[in-house]
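Look for chain A in each of the two complexes below; its partner is chain B in the first and chain C in the second.
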Partner chain A sequence: MSAGYTAVGWNRQKKLYDWFIFGFCVLYLISFILVTACINPDYTFETVLIRSTSTLAVLLLHVILSIGPLARMNKKFLPLLYNRRHLGVTMFCIAAVHGVFSIIQFHALGHVNPFVSLFTSNTNFFSLSGFPFQSLGFFALIIFFLMAVTSHDFWLHNLSPKVWKTLHMFVYLAYCLIVMHVMLGVIQYETHPVFVLLIAAGSLWLISLHLIVGRREIKKDNEKFGLANEGFVAVCDAGEFEEGRAKIFCIDEERIAVYKHENKLYAIHNVCKHQGGPLGEGKIIDGCITCPWHGYQYLPNNGQSPPPFTEKVSTYDVRVEDMKVWVNPKPFAEGTERPGAVIN
Partner chain B sequence: MKNSEFYIGWMPKAPASFAKQVKSVLFILFPLAIIVGLVLASFQKKFSTANFEFGKSTEIKGIYINSPVPMLKVVNGKDIWGNASFISIPLVGYGKHGAETAIMQLEKEKNTSFNNKELTMKGTLLYSDGKTLLQVSKEENPVISIGKDADVLSLPKQTDLGIQKIKGEIIDPKCYFGVMKPGEGKVHRDCAIRCILGGIPPVLKVMNEKGEMNYYLVVGANGERMNEAVRDFVAEPVEIEARAVQQDDWVILYVKDKNIKRVSSISLYRSEDQIASCVGGCIK
Partner chain C sequence: MVVAVKIALILGSVYLVMGMIFAIFFLSRGIEKMDTAAHGSGFGFRMIILPGTIALWPVLLKKWMNIKKIRHDKTAS
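What follows is the complex of A and B.
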């Protein structure tokens, strides 16, 4: 975390990440172009540029969409998640090269504006085989553009995390548009089955990954807590906690993170104010609960970020009776001081 | 994972176990992604051998024929009896435009009709599969000289081949014969429609039973342009019923608007249909 404004908080990890992305993209594009040139001496550069950038962008999109669920399954993928937005911006830039060159190639130098041409050349909207697939790619590119320009924390703060997150969830709509763009476009031209097999395998991989992770989350959220007393719900034994770590309980459809810190238990809302990261999967570092996604920090006793930061989350009451942990799911106002429950 | 190990992105280094895991993943992912790219590049359809002499201007002397589409009839050596043989070179405009407007403006400027006259023109050649087209741009003053009227023997010779049903794909010849690769099929459909709506004459591409391509210019029943009428059929398998007329080395299909219908793409590859698809001796 940084108190002052910096456009990008560069550190060694970020630089390594970006250099790796850059190196990979360059290597991919060169390999694709060289193989095309060797196998097809009659190739045209604009076509091979359109194809190499499109395949690279789709590949990167699959990686981007895989990182989230993989990090939920295994925390060691978190280094890939932390700078995922760099990968997203890179993917947009590459997709933009594909989009711009395609619009120039297929729609420029005509008797109407290229953007008018994009939507008026082929108007066969009610036919699968004839569907104007380019418009699908155009709308996906608009979504990627909005995501790329708002990927900085400046926009996260100004739009509010809820609006920002909602906007960035449109990546799934964009992915569907891209799959349809491919299926109704190049798949109807290329005759080798490898193209349809790869896009189907990619979609199947992403759907499976999201379903597996979603099922795990639902299972956790549906855990039943039997005993209730004066609004408190018995959740587990106090001996189950590790020092500096938390357990997450979903009570009344709200996820609560209960942390053990210096032999006391503290409960806070599980959702980080930054990007909705799972605070209960973090760790207490320097006395602060640290979000595993981007390292945002909160004090366990009041849910406030240490000064000069201003983020706050709700706190909850916790009791320990006969080594049984009880949590009251009624939240206190964000940043409210709670004493914590001593473990006897 | 040790309890003490916790990843924070803003720290300069990732914990050892995290760094090791990421390296292992990238060690697999990096070559896998490159291999996927190589596989995709390897299995692309072959690029056509079409040529567009971009940036190169060529002078051509021939007889300008205005109808049914603007073209130059050019002497191309001699036949086996020692008579002059000709090829017809349809003219197309710059970008996604036909040549008609430019020619009309030039005729107005020169205050003369070019039809059936000997013209020397300059433009950019594009050619493939035995067919040649010339891109002319009004800005480049494509008419170098205007000669005398052509003698009757040099004018186009037409042979009526009767009413035919032909299956194939409507393409825009400018892209197909040189400017773009691919210049056909679904991926090129929008561009082909834009070119045809811009005045480039539509061409029906037909494959015969040997897999050879044959090309037919498509116009209306009375020789009028039917570019707008074919827009919904471009780059799709279609069957056209038309009067076929052989004009020198091109076959022209005179089509009534409603005699174009979509067919399944499979039917284009049935041998019995291909025999019916091939008229005019499948001229190459």
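What follows is the complex of A and C.
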């Protein structure tokens, strides 16, 4: 969270995270090159580099796409989410090395422009075994490029969170292109089924994770609240709250986070202004509701970020009567002060 | 097919060159007028958003022009 832009807001956790990513990537590439040198000593360095970077990029892409649902299932994965964009940029850089070396190796050694060669050297679009799979990888790389170059908060602010999120959801299209790129490429160049099995297992893992989390979210959103009185809806017992933590309720298709702070209950809109993170899954740090995704903070009594920050979310009225918690789903304007409900 | 790809390449190259020219003006002058949070931002930040500026220059140009227009209207009224 920052009032002005910096290149990277380094802190200890980010440094550790990046060093770990760097170390893992280097170790992977070295191991891949050494193992290939032992198993297939006739492979050229370019071929080994193309293969090692492709497998590493695909592995990182699976990790990246797993972090979101895993963090929803278990809060222990939240530290991975906090700095996911660095992992994404790393993945793009590795994929770019793969793409550049592939174009050099397969398309830059003739008289034709490499990009013209990429799209015209093979036009078997209706053949499964001869499909020009490299073009699929090229389009996926374009999507990864756009995601990587817009990963800074400057773009989130200037493209608007909605447009930014939509752009970054194209990662799923890129993933499909990559799966096709690998599958069709393997059909043409490999006899061993190991890569097909690995990518199939990876896809199955991701689809299962997303389905499990999606089902949980739908179940939570469809929870019915029976009692209603003067616009207030009875949601739960006051004793169910943990100090500094929240419970999320979906009322009238709107998710509301109800926080317990210093023996009072406060309700704010559940969606963080930064990247739409679930505020109700965070906790209160230094008196502020803190988004679990990237640490954006809001005051519980008015939904405003503490000065000099300017983000605001809607607030709601809460009542506690006979230890029963009542929430009015009608939102107040973003940043409106609400007194909070004392738990007797 | 070859002609279509060649035309697409030329159009893409022209788009990127225009993006590079735009980026020079935008990162040196426009950015601070368009986004107050960019006031006093350093060279590192500008280098990080440079590729995106080149790739998405029409979006930024539109936003920059809108802000100029709003300021002009305010001054006129």
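Basically, the second predicted complex is superposed on the first by the 335 of 344 C-alpha atoms of A that agree within 3 Å, B and C clash if a C-alpha of one lies under 4 Å from a C-alpha of the other, contacts with A are read in each partner's own complex, and residues count from 1 in each chain.
Going forward, contacts are C-beta pairs under 8 Å (C-beta built on N, C-alpha and C of every residue); 3 or more make two chains touch, one makes a residue touch a chain.
In this text, all values refer to a predicted model and were calculated from it rather than measured experimentally.
By the touch criterion defined above, A:S121 reaches chain B but does not reach chain C.
In the superposed model, A:F22 lies in contact with neither chain B nor chain C. When the two structures are aligned on the shared chain, A:W205 is found in touch with neither chain B nor chain C. In the superposition on chain A, A:Y172 contacts neither chain B nor chain C.
Touch criterion met: A:L159 reaches chain C, while chain B stays clear of it.
By the touch criterion defined above, A:V149 reaches chain C but does not reach chain B. Touching more residues of chain A than its counterpart among chain B and chain C is B. Contacts of A:H294 after superposition on the shared chain: chain B is touched, whereas chain C is not.
Within the superposed three-chain model, A:F45 lies out of touch with both chain B and chain C [touch as defined at top]. When the two complexes are superposed on chain A, the residues of chain A that touch both chain B and chain C are 2, 123.
Chain B contributes residues 1, 3, 6-14, 17-19, 21-22, 25-26, 29-30, 33-34, 36-50, 94-97, 180-182, 185-191, 193-195, 197-198, 232, 236 to its touches with chain A in the complex.
Only residues 2-8, 113, 115-116, 119-120, 123, 145-146, 148-150, 152, 154-155, 157-159 of chain A touch chain C when the two sit together in their complex. Within the complex, the chain A residues that touch chain B are 1-2, 9, 11-14, 20, 24, 27-28, 31-32, 35-36, 39-40, 42-44, 47, 51-52, 55-56, 59, 63, 74-80, 82-83, 105-112, 117-118, 121-124, 129-130, 132-134, 184-186, 188-192, 194-195, 198, 242, 244-245, 282-283, 285, 290, 292, 294-295. Taken together, the chain C residues at the contact with chain A in this complex read 1-2, 5-6, 9, 34-35, 37-42, 44-45, 47-49, 51-52, 55-56, 59-60, 63.
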